[in-house]
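Each in structure tokens, the structures are laid out below.
Heads up, the next two complexes both have chain A, just with different partners, chain B and then chain C.
On to the complex of A and B.
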């Protein structure tokens, strides 16, 4: 076992890269949920983002358009969800589940013509710094722009929810839509915006997989990451920074256990495979023990149908 | 009232007509474990299905069916809806296939890579992929500089262990210093996880990446890292043009066509098929010229010898990890031993997950 400092840097860099789709999707879903809407369609929106991004990349040969398109397609899918749950007052859970199933099916259908086309090299930033600085070089440099965006996002989300007026409005809507409405807040509008934002972030998370992480399109390539993102939001008790911690732990242990296997460390492999799930839950439960804070962060009206009498 | 009665009668007749026509036409069903667009295992089975269709036989398929309880439901559904022959194309469909076969004695079942034929209407078939692995091992042993071969394994079943062993034995023969490092990912198909496993192996010094999983992600990681790799199930060359030395190709089409025609014509009989390079069920994609014409010629000769039976992937003496003799000198492993293989040969690192 040879752990030199550079290898450690590469390892941590790989761990952070693998947690990017989780951070993006979970941060988006977090805003949606903080407004009181439970959208279980994360997996569906991610996979739609993945195929739209990849398809646009192939058709237009423009990665910028591909990234924007993936966010728009995630947004469009979430618009369906928003219309059903907010305007037609359908059940959040059932609609979200249907959205996931719909997204997976639709992406497979769109994707039929895009299977087997190799992806394009995504431009990485600060590649030369990566080699120069030991340890920190491979951790912080030589990544895609989406990577940096993803790691700033939880801090931005935290600031938005805690320090801005619109953030306060979102929280108010999530806690008590009736009181918010009585204060003259347009609950429907706020929730629509939060749903659309969540959809766009999930779409971006999917595109990260199909354009940057494993540049190709294959059916079902998100392979359950949407569900993990959903679980992260709950176990992180709706706190953006804890979502970040959870995503890194999950990505980290997933990769570490593969390394441990490759090193030949003799721990039962099944245990190692289960480890990311166990550790993420354990750590998040430990760091969110404060029940007062949980209460503060939990959107009280989560998943409840809101209907304002006119 | 009379009007309603007429409508009812019409719909009943219509339904009858549908079910009659459903019964009359010979239909073949396929159950896939992954999506047909995986460009690997399921993709190749679907190519086989298309060949059956081209032979003028109607087919249907259900893709991405999880192994286990869901599989039984899907297989039963196919049997109920008038399919006469059903191919179930993953190891984990073994018990569900036999269970459903018991209830539908008039439907024929073909299960891939399994060994249970509990009823007379169940056949099993598989390909001797390990022959391909032997060729891969030979190339890997010759091409590696670090003497570390990285192997992404899916589930600890004989099929996968056999591949690891065949590869290791062949690599040892040309390079006694090689080590096989294995990462178990416990999935047939998860591009993200497969690529992380490939990266972990490369970080651990492997300069050859081999996979027993179905997506093209590992070869792409290998291409990026500048190490050698091998495609799995179908020709993955275009995903990693520089890195891929060759791919093992599963060619199910001739078998599927033959069995479907036999079932239609009433000559179908229960059997256990295990075809390899000789019959063409296992084929090799074009060899990468980057390994030099000398090595290409060597491998081509070995391929011919394996096909003709002059060479065998498991020729003694073979020892397991603890040094127990598995196959004596001058002997080759018989099919029974191959089918139930559950130990690593000497030179493989780590334990088999239990």
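On to the complex of A and C.
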């Protein structure tokens, strides 16, 4: 019985770990979208974060620098997006798609020389507590600092949006940039900050994959997680806590269906692989049914180009 | 303390248009000033300059003899100039309190006390914790006003504030404005509604084509003098000659028309019977929401009646859709110009092409015949004096009056035998109303018929040959326009009876 409980703990811990990149990227994108900017470049920023984090780790042998570097590279990529959409007024959707394609290509080019190099062990926290407490030990302890940061992030984001003045301003800009500008709010500054923050979080999400989750570089290793993060934000109706729930469900079913495949349950593999996508959407649609809340949470100006009258 | 606001030689030039041309005005607290002008006269530009949204190309603004640098809305706020825009600057998804707190330096606790005091003082009833999108237009405006009052404004500018208000809300607003004025706030009231100027304001400045053309006290003015100043020419008095020599040829016969709607917000029509002669204008009066919408939709074919018959030039058309009815030479001008009559995001010529007849050949093998449509559109623009000749302009950039001219032009250029229009001059300024009334009289003179459904009694009495009143989905007896007066109309509209 003891073995079962421990297995359960390890399983849940694994599920939570697998949802970390989604939580990071989706929380970042959520802030970007709440300011009215639709950045479809999440996948591109994640993969750039993944390769630059890994490359920096190999070159400097310093994990801290690698993590910071991955965030900066995501931020830089989003700066390109911000400049194009906010200063040059290009279309959000087209620019975001281009960013993703650019990011994937660039990462493959940089990553050529890093394929096959083994990663470095990332320091884990509270490892000794992991063995001591049954069930909860493996769930909550023995993870990286990024893991704890990711699970606190949705709560912080929620607090930021609902309780702080700056959060209020972000929501106001997303609701009506023209009204915000007429109120004397610097819409461009707010949107740039939100875009850059989103980029940094996506970069960190990518670095979690290449430095901690599977410490190595594989081309295209984000494998569509950026798109899932984008979908999570929408289906969670721009609510940070629902993003957290969605990310865990997605991670959970991904891990569970792998176990089911391994156990040889007679369900077509294709169906099992599709299961996380279907279930995440179904669950999020069900928990987000309140049409009033959807209306209140949806950034009204999402994806619209804003320019100031002179 | 007295507040003096001085606008000195302000000019603002946009490509192809001088929005403000050397505008100078003086304002002093204790009075309510009207800034009157047609749409496009430059009022809104001046207001945007005063509130720091745009910068003037030339000129200065002085508050109490101090030169103001208004580079952003923040500067205006910091100089105690408050502004309520025509289109509200509110965040729909945020709560009332969040909207108020966003630009306030006070902490939430102090702000809530202050706001509650203001609400109590002026007897505004607003729940601070509901999102803006749940409020009525009048309540939203109050939120805007409260937002200004929080900052103890010296100057309060109201830009066309009554365009979205009901009559009761308008009265409330006027009471509040008079109260603010007594408390020493300088009030500048921007409008194109003449009656409001006379009932609310002390002084009036009239703007036309970017210039101030007159400054006077309202006690020295009356409706017609203000209207003439605003338009810049004497309005042609429209005189409808009730033609006694009507051929008597019947063009439309509606009989035993009933309409039962499943939608609880729609009005059922009960036993509608009337006939219309060639060259005649039949007016249908009534308080809005008494079945005018439903009647218009059934006559135009947007909805089909449950039973009854509509015979147009001896053909039964009650089962035909609007396009088929147009082919029989009927034309329609719906009430809502933006969402029913035209698509605002389409270009002018594209909107024209929406009225596509078999004979007009706008499309060849499913493709746009662009040249043909554009030539046709240009003809409409010039024949109906729309103030642009650019058929590639998006329709949303036309003012209400020009859009209505375009729509009427589109409908009339095919010389239809019958025009059915619903509130054709709603929300338009005096000049445009005058033009549209002239057009309607002209088509009557050409022997074409009109059904004019309107909530404006002056308009009905001016234009109709015969008038009926709709009340709760029933038409009254049809009366000759000579035997009708406003009192009689009012009585019938309220559901009363006259012999």
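Criterion: the second predicted complex is superposed on the first by the 307 of 310 C-alpha atoms of A that agree within 3 Å, B and C clash if a C-alpha of one lies under 4 Å from a C-alpha of the other, contacts with A are read in each partner's own complex, and residues count from 1 in each chain.
One rule holds in what follows: a residue touches a chain if its C-beta (ideal position, glycine included) is under 8 Å from a C-beta of that chain, and two chains touch if they have at least 3 such contacts.
These figures come from a predicted structure and were not determined experimentally.
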| item | value |
| --- | --- |
| Superposed partners chain B and chain C on chain A - clash or fit | fit |
| Partner, of chain C and chain B, that touches more residues belonging to chain A | B |
| First (chain B), second (chain C), both or neither touched by A:184 | second |
| Touched partner set for A:171, first chain B, second chain C, both or neither | second |
| First, second, both or neither for A:213, with chain B first and chain C second | first |
| Touched partner set for A:289, first chain B, second chain C, both or neither | neither |
| Contacts of A:268 with chain B and chain C, given as first, second, both or neither | first |
| After fitting on chain A: smallest Cα gap, chain B-chain C, Å | 31 |
| Intersection of chain A interface sets (partners chain B, chain C) | none |
| Footprint of chain C on chain A - complex, ascending | 165, 168-169, 171-172, 175-176, 178-185, 295-298, 300, 309-310 |
| Chain B-touching residues of chain A, taken from the complex the two chains share | 7, 10-11, 14, 18, 108, 111-112, 115-116, 118-119, 209, 213-216, 218-221, 223-225, 254-255, 258-259, 261-264, 266, 268-270, 273 |
| Chain A contact footprint on chain B (complex, rising order) | 34-39, 64, 150, 181-187, 189-193, 195-197, 199-201, 203-204, 206, 215-217, 220, 238-239, 349-351, 353-354 |
| Residue numbers on chain C that touch chain A, as the complex places them | 48, 51-55, 72-74, 77, 85, 88-94, 98, 101-103, 131, 133 |
